[in-house]
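We just call them A, B, C, D, E and F in the order they show up, numbering each chain from 1.
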Amino acid sequence: MPSLDVVTIGETMIRLSPPDSLRLEQAVSLECSIGGTESNFAVALSRLGMKSAWISRLVDNPLGRRIAAEIRGQGVDTSRIIWTKEGRVGVYFIEFGRLPRASQIIYDRKDSAVSQVTPEEVDWEFVKSARILHLTGITPALSESCHQVVLRAIEEAKKANMLISFDINYRSLLWSPEEAKATLEEIIPEVDIFLSSIPDACLVLKAPTVPEEAAEYLKDRYNIGIVVLTLGGEGSLAYSDKMYRGRIYEAYEVDRVGAGDAFDAGFIYGYLTKGVQKGLDYGGAMASLKYSIAGDMALLILEEIEELLEGRVKGIKR
Amino acid sequence: MPSLDVVTIGETMIRLSPPDSLRLEQAVSLECSIGGTESNFAVALSRLGMKSAWISRLVDNPLGRRIAAEIRGQGVDTSRIIWTKEGRVGVYFIEFGRLPRASQIIYDRKDSAVSQVTPEEVDWEFVKSARILHLTGITPALSESCHQVVLRAIEEAKKANMLISFDINYRSLLWSPEEAKATLEEIIPEVDIFLSSIPDACLVLKAPTVPEEAAEYLKDRYNIGIVVLTLGGEGSLAYSDKMYRGRIYEAYEVDRVGAGDAFDAGFIYGYLTKGVQKGLDYGGAMASLKYSIAGDMALLILEEIEELLEGRVKGIKR
Amino acid sequence: MPSLDVVTIGETMIRLSPPDSLRLEQAVSLECSIGGTESNFAVALSRLGMKSAWISRLVDNPLGRRIAAEIRGQGVDTSRIIWTKEGRVGVYFIEFGRLPRASQIIYDRKDSAVSQVTPEEVDWEFVKSARILHLTGITPALSESCHQVVLRAIEEAKKANMLISFDINYRSLLWSPEEAKATLEEIIPEVDIFLSSIPDACLVLKAPTVPEEAAEYLKDRYNIGIVVLTLGGEGSLAYSDKMYRGRIYEAYEVDRVGAGDAFDAGFIYGYLTKGVQKGLDYGGAMASLKYSIAGDMALLILEEIEELLEGRVKGIKR
Amino acid sequence: MPSLDVVTIGETMIRLSPPDSLRLEQAVSLECSIGGTESNFAVALSRLGMKSAWISRLVDNPLGRRIAAEIRGQGVDTSRIIWTKEGRVGVYFIEFGRLPRASQIIYDRKDSAVSQVTPEEVDWEFVKSARILHLTGITPALSESCHQVVLRAIEEAKKANMLISFDINYRSLLWSPEEAKATLEEIIPEVDIFLSSIPDACLVLKAPTVPEEAAEYLKDRYNIGIVVLTLGGEGSLAYSDKMYRGRIYEAYEVDRVGAGDAFDAGFIYGYLTKGVQKGLDYGGAMASLKYSIAGDMALLILEEIEELLEGRVKGIKR
Amino acid sequence: MPSLDVVTIGETMIRLSPPDSLRLEQAVSLECSIGGTESNFAVALSRLGMKSAWISRLVDNPLGRRIAAEIRGQGVDTSRIIWTKEGRVGVYFIEFGRLPRASQIIYDRKDSAVSQVTPEEVDWEFVKSARILHLTGITPALSESCHQVVLRAIEEAKKANMLISFDINYRSLLWSPEEAKATLEEIIPEVDIFLSSIPDACLVLKAPTVPEEAAEYLKDRYNIGIVVLTLGGEGSLAYSDKMYRGRIYEAYEVDRVGAGDAFDAGFIYGYLTKGVQKGLDYGGAMASLKYSIAGDMALLILEEIEELLEGRVKGIKR
Amino acid sequence: MPSLDVVTIGETMIRLSPPDSLRLEQAVSLECSIGGTESNFAVALSRLGMKSAWISRLVDNPLGRRIAAEIRGQGVDTSRIIWTKEGRVGVYFIEFGRLPRASQIIYDRKDSAVSQVTPEEVDWEFVKSARILHLTGITPALSESCHQVVLRAIEEAKKANMLISFDINYRSLLWSPEEAKATLEEIIPEVDIFLSSIPDACLVLKAPTVPEEAAEYLKDRYNIGIVVLTLGGEGSLAYSDKMYRGRIYEAYEVDRVGAGDAFDAGFIYGYLTKGVQKGLDYGGAMASLKYSIAGDMALLILEEIEELLEGRVKGIKR
């Protein structure tokens, strides 16, 4: 049985996006890659040297195989994917806006194979071989059976004394804030490391809008070990024994999708290896670097992150 | 009220295909176009100068707008599309094989907007302004409400003394031959011009495998005015007052999808303007030319078809 | 006879531009689209739900058919295009600069099919079925026969009590300011809605350089109902019963070509539906959004424009 | 003064073609290269080690500079190009057909800069520094002043005792067979090496259709030193002291444009270095190889041609 | 310790090839993938469900990481790659010819990181956890230290009673036939399954040119368990207890590189699961299918291979 | 013997870079062009109308021929390239960063053909036909024989009373600052025009960090006629009879590689035609414009540079 650092469960979709700032209405070719918040997280950690695993349910067709190959290629353990002959792979279209035109996403993920996963299909012994279980608020929103898998995962993790990290990742296209709140309030009290953007925390959990107050509110109300909030252009904040603040870096936006996942991975990496402050530092650096990288995945190496943190010169080394 | 030559009803999907003979597993960009058998038919006829209209139900998002714009751009009347804010646009992935590797299609069309169309939503007066109603066996297979729309369309056409043309277009991914037979046997006796590939006719309607016998069998059993069968490499055959035979032309396969729709359009055009034999001639020429054209649509002009039929020289005119 | 909102007459060319900020000297492929100020205007209005028509003269070859298909695809009535077997389709090459390198256009439009259009070829009854006739200063500059078509169009519009809108659109590669002034001074007094950039108005019509003074000068001298001036980074200004000011929005320049046409369309739309101030508002929003869209055409929907005007949040909706 | 092997005079255009067997109506990008029969010839010879020069008249804009750079890059002397600030560069669009769809060319070369070249602009001393003057029937068809340049070139070449080679290269889009005959019959009697396809010779010069008879007819009637005819799939034939026959090789057609120019270059190279038979051999090999190469230019090296002629193995050398 | 089916050791390079049949001299972009005979073999087997591992030495830079990720993505165990900070990754350029133009390879692999691998760096316990050791004649040709690694691998395999399979894969750009013979004759007598093309066997090992005679000669001379020879268009042949013959299938050549590796993988798979005849069958089917797939790797699934072997229909399943 | 303005000697490599801000790990195609500091310089000058020549040693394969063709195409005399059948062409990979991700270069140039050039292979009479010899600090770093060629070039230039210009162009991947200093201190005292970035001057030659002091230090210590220093965002400085300052222009960074070479070319052009101040002006304008141009080469014309210097308007001229 492999001994893992992190295990996560979730959906990864085929991602289709017009190149060169084109609109979906006009593009005659679409860039085709993959994306899903939990696999993004697992990939980012694997590239930093941590042993991560990603569990999902995929159709055994070219789209499903492609998703698995790309995640496995980045070193993530994909051996517990549940393969099915039937069903569909979720798809999302993303049109990248340019000022003043907004970016636009069309999710087409309903009834995907993973939405039909059941707790019985998951290898819980494998899950329990990890130190950390990472979950997000997307999975329980996908379907009732996904919701059950999340609840069971938490139960199993508790049995094995694993740490549980959790990011709200609110998706308004999947459920209303009220639905989200009802479901997540069952989950969050079990969480050790709670991650959220400040708007998600306010909208779904009715946290106060002042970040420090929100952190206190969440920590107290749900009795969480560490509350980590990302503040957009204002950096980030963590509250455990005390308040910590993290910064972000000026970035050219090639592709912001996955920046939150990169932050989460950076926080977990930094926190586990060097404590809360380093968690915010790595999270901020990785999220900023992700902005400059096309695709969902934070294709970074540790050295790049540390060079940014240390402010080492960035000219072309020739 | 416009006076139309042909009206048709059906589904058109976003079509995604890897470029350059790549496999779906390896392509990082997919060519994005549109395709649907009924709109292919309407487009081909419109380009020949006939007034055609296509009716469907589309989501008012970039994918739906794109489908409408491409069909409208080819001169097809799209004014009776039923637009909806909710729902999804069907998608299909096609990987073009190269010998000995087979081509492969992944349909992802379930629960698309058009599958929820109802007879009440269609502008039947508009439908009745046309001389011909063209339907295919795909539409009743999409959903029960689509089935009802097809039945109502036939009823309305009958009232207006329209000609009805119909192509089986059997799709094994949508229904079994038995289900198809049960449904289509209600429809085919109402049809004036019946079009089918010989394998579809044999598989679904249990026609004999010898083409002439199949034509006789179908004409007699369903009391159809004209039976038209395509015979793959053997050309085509029509049976009305007598048996007619049509040829095909040597073709380099750039993209065979839509060749059957091009045949149908060619048959209708030739038949209406110059009789059954010309129907087979135009059908064969257009299907052959379609093989050389990328995408679902037969982007041809009349002059090209007639140059092929007349055997005029094909060097580069300089 | 269709009842149109707007009809316009002009030239649309094949547009060729290097991708990826390349220079024309180095690009081995050129992006191929279409562009013309009047069809840009008609397309933008059609997408907002207005009935627009575009009249031109095109060669019936792949280049001409392509121009018609793209404009028709966007819902513009193209039924009165005059098709010819002979002649050429105008072409323009555009190299997009990046600071400090300037953008560069090579027009190759001389002796194009439309430059030989005659008043006799145009369906004036169709023209008169519209509420508004839109013209620009490019068309009379193309050839003497184009000039005659413009004069006749104005004459017909007057007979039918249509509104006439007109944009100078001065093209230094077609004629000198003096030539332009001589010709346009015959036209402008007939105009109800006069649109121009401030530099064009100053250069060609010798208007004062202070915008308000220019507006007054033009309104008084040519007895125009509404004078609308675009002021580059300073927004826009309209003068009818009083002075109105409009703003623009911060924009990333993907492609500024057609921003003026988008402004004109926005002004006409806003003015007709909600008055002069809304005209400037819609014009400014559409011109700003056009900067972010590749190609000549303002591929927008009403909702996007209104979201920008209302300052609604622009994050990715997920 | 450089001492040249071959000098040639003619037009080279910007060439635009859809990629991937697309139609011109559907391509959103066009491959952009250059092409002209005389420069193709000069490039092919330069790559074999001969000193060749190409003379033309070009606009000093990005399109003109690009044409010059590409030809110069292949080692051709372009120092006598006549540069002009005014005018246009000719363009041609080529859509590559696939069976049974024909290829299609749209020339848009009228009034190009070179059509206005005058004999006074050409550096005749430079022309006379070469051993061979190569001309084609395209140049006199472009304009009367081009015709005069051709006549003057022949006159100068005669003074300098240069060999004159000439290919009819009939272009039906430029003139009728009768016009061509009238003009070319003034030129051909001055020619030492006459090259033509058999259809051009029959159509324009009314040669008999049997190749040997055509060769005799042409040699006798016009008193030509060597008559060389290409026979399509039948190879080639030369008639000087006796009849010679040349073969061609099986080829996959990537791009046949320029194959005739490659043949001419091969014939001249082989003939000058090793006699008539070798002329046909090199011509046939180069024309066949050209079929496999994209673009107008025969980007070959001597070793490849000789490997083909010697039948050396063609597997991948690893 | 994982229990592997197959382990292999070798070099994988960055592969650069012009798209669209372009020549290396003219391509402005090169397709970038990876390729190496041993990793191709391991990937093909992994995709069929066997546990395979690939060992090599790679530079820890983007090029090296990319090679590892692509191989790992296909399910191959890459955990024993030896990573180095110094050195270079080998590169090869391949220009795909079209008749009559030959394909061309430029290897630029000298002094690559793997050429400096030493026996001490390899995890021999891991190697010994497999059932089969697969080697090729390329590795000992790379450098003396690579040669030593091969010898040590054989020694270790023998200790562990592993099967040894070996393909000559003669590379004339790396060594002469004489050098190859001297080195390989030390290796081949240790081999259980010997694989070679017939030309390699004749050129390097001086086998007779008649395939059956060559097989007997090799089996007897080197005392090999099974001799497998590929015969190009003639299929294949194996000689163990008796002579077996295998066929190939008609194929459109998208990319023949890696067809030999696909054959080897197919033979090993078929042989291990169902005996020698099935080995030739699977090898022939996989090599044929590989021709239709771009890139070095045989991206196949078992079902496709078996469909081909069983002659099941290959139309598009819709 | 041609009479040249400038001759230079150095290495040019194949340059491979991911498109669209992709990382090297993820790009499936790489843009392929050429780049080398000395040829960049020669090209930039040739385009301004100066006669320049570039000498190097290249493999006679597609990669080498491509390098020569591209440089020759820009008008540079390449007739003295030393061609070899053996050896390799240097390659470099460049990944363009986006904030905060740094750009990254992987040089793979070791043992390239030019690194083995010897003084005996160079045509020194040709070298001496130029007014200026331009060298950089890269060439002596490539190999000892390159170092010898540089020393001999200086010796020959001195004999012919040529001006010598020299740019340090320190490459940390080729040698240490100490090695560079030892070698360059033999060379710099022979130089008439010394060019360097300020960081290179400080790092290698231990110049003071204040630009003016650095210029004085270098001029005095090495007894140089003109010292020219580029100061990044601060512009540039020259010191001969007095101190001169030059500016740069705001630029969008498409590709900064070669900006230093463009500066050098601009300085030489301006200095030779109009004195030191104009040298800095042209250098600054060309370096700034180069930022906006993809590829190594400054594809500019004189008019563009002068328009920038004169502050003429930069809108699109229509």
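Everything below uses one rule, namely that contacts are C-beta pairs under 8 Å (C-beta built on N, C-alpha and C of every residue); 3 or more make two chains touch, one makes a residue touch a chain.
Bear in mind the structure is a predicted one, so any value in this text is a computation, not a measurement.
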| request: Using the contact definition stated above, find the chains touching both chain A and chain D. | output: B, C, E, F
| request: Please flag the chain sitting at the greatest distance from chain C, going by CA centroids. | output: E
| request: With chain centres defined as mean CA positions, report which chain is farthest from chain F. | output: B
| task | Indicate the whole-number Å distance between the mean C-alpha point of chain B and the mean C-alpha point of chain F. | result | 62
| message | I'd like to verify one number: the distance from the centre of chain B to the centre of chain D, where each centre is the average of its C-alpha atoms, in whole angstrom. | response | 46
| Multi-chain contact sites of chain C, meaning residues that touch two or more partners | 19-20, 23, 25-26, 28, 65, 69, 104
| query | In their shared complex, at which residues does chain D touch chain B? | reply | 20-23, 25-26, 94, 97-105, 107, 171-173, 256-257
| request: Spell out the residues on chain B that touch chain A in their complex, using ranges where they run on. | output: 16, 19, 23-33, 61-63, 65-66, 69, 88-89, 91, 93, 95, 104, 106, 108, 110-111
| said: Could you list, by residue number, the parts of chain D that touch chain E in their complex? | reply: 19-20, 249-252, 254, 285, 288-289, 291-295, 299, 304, 307-308, 314-318
| Complex contacts: residues of chain E adjacent to chain A | 65, 69-70, 72-75, 301
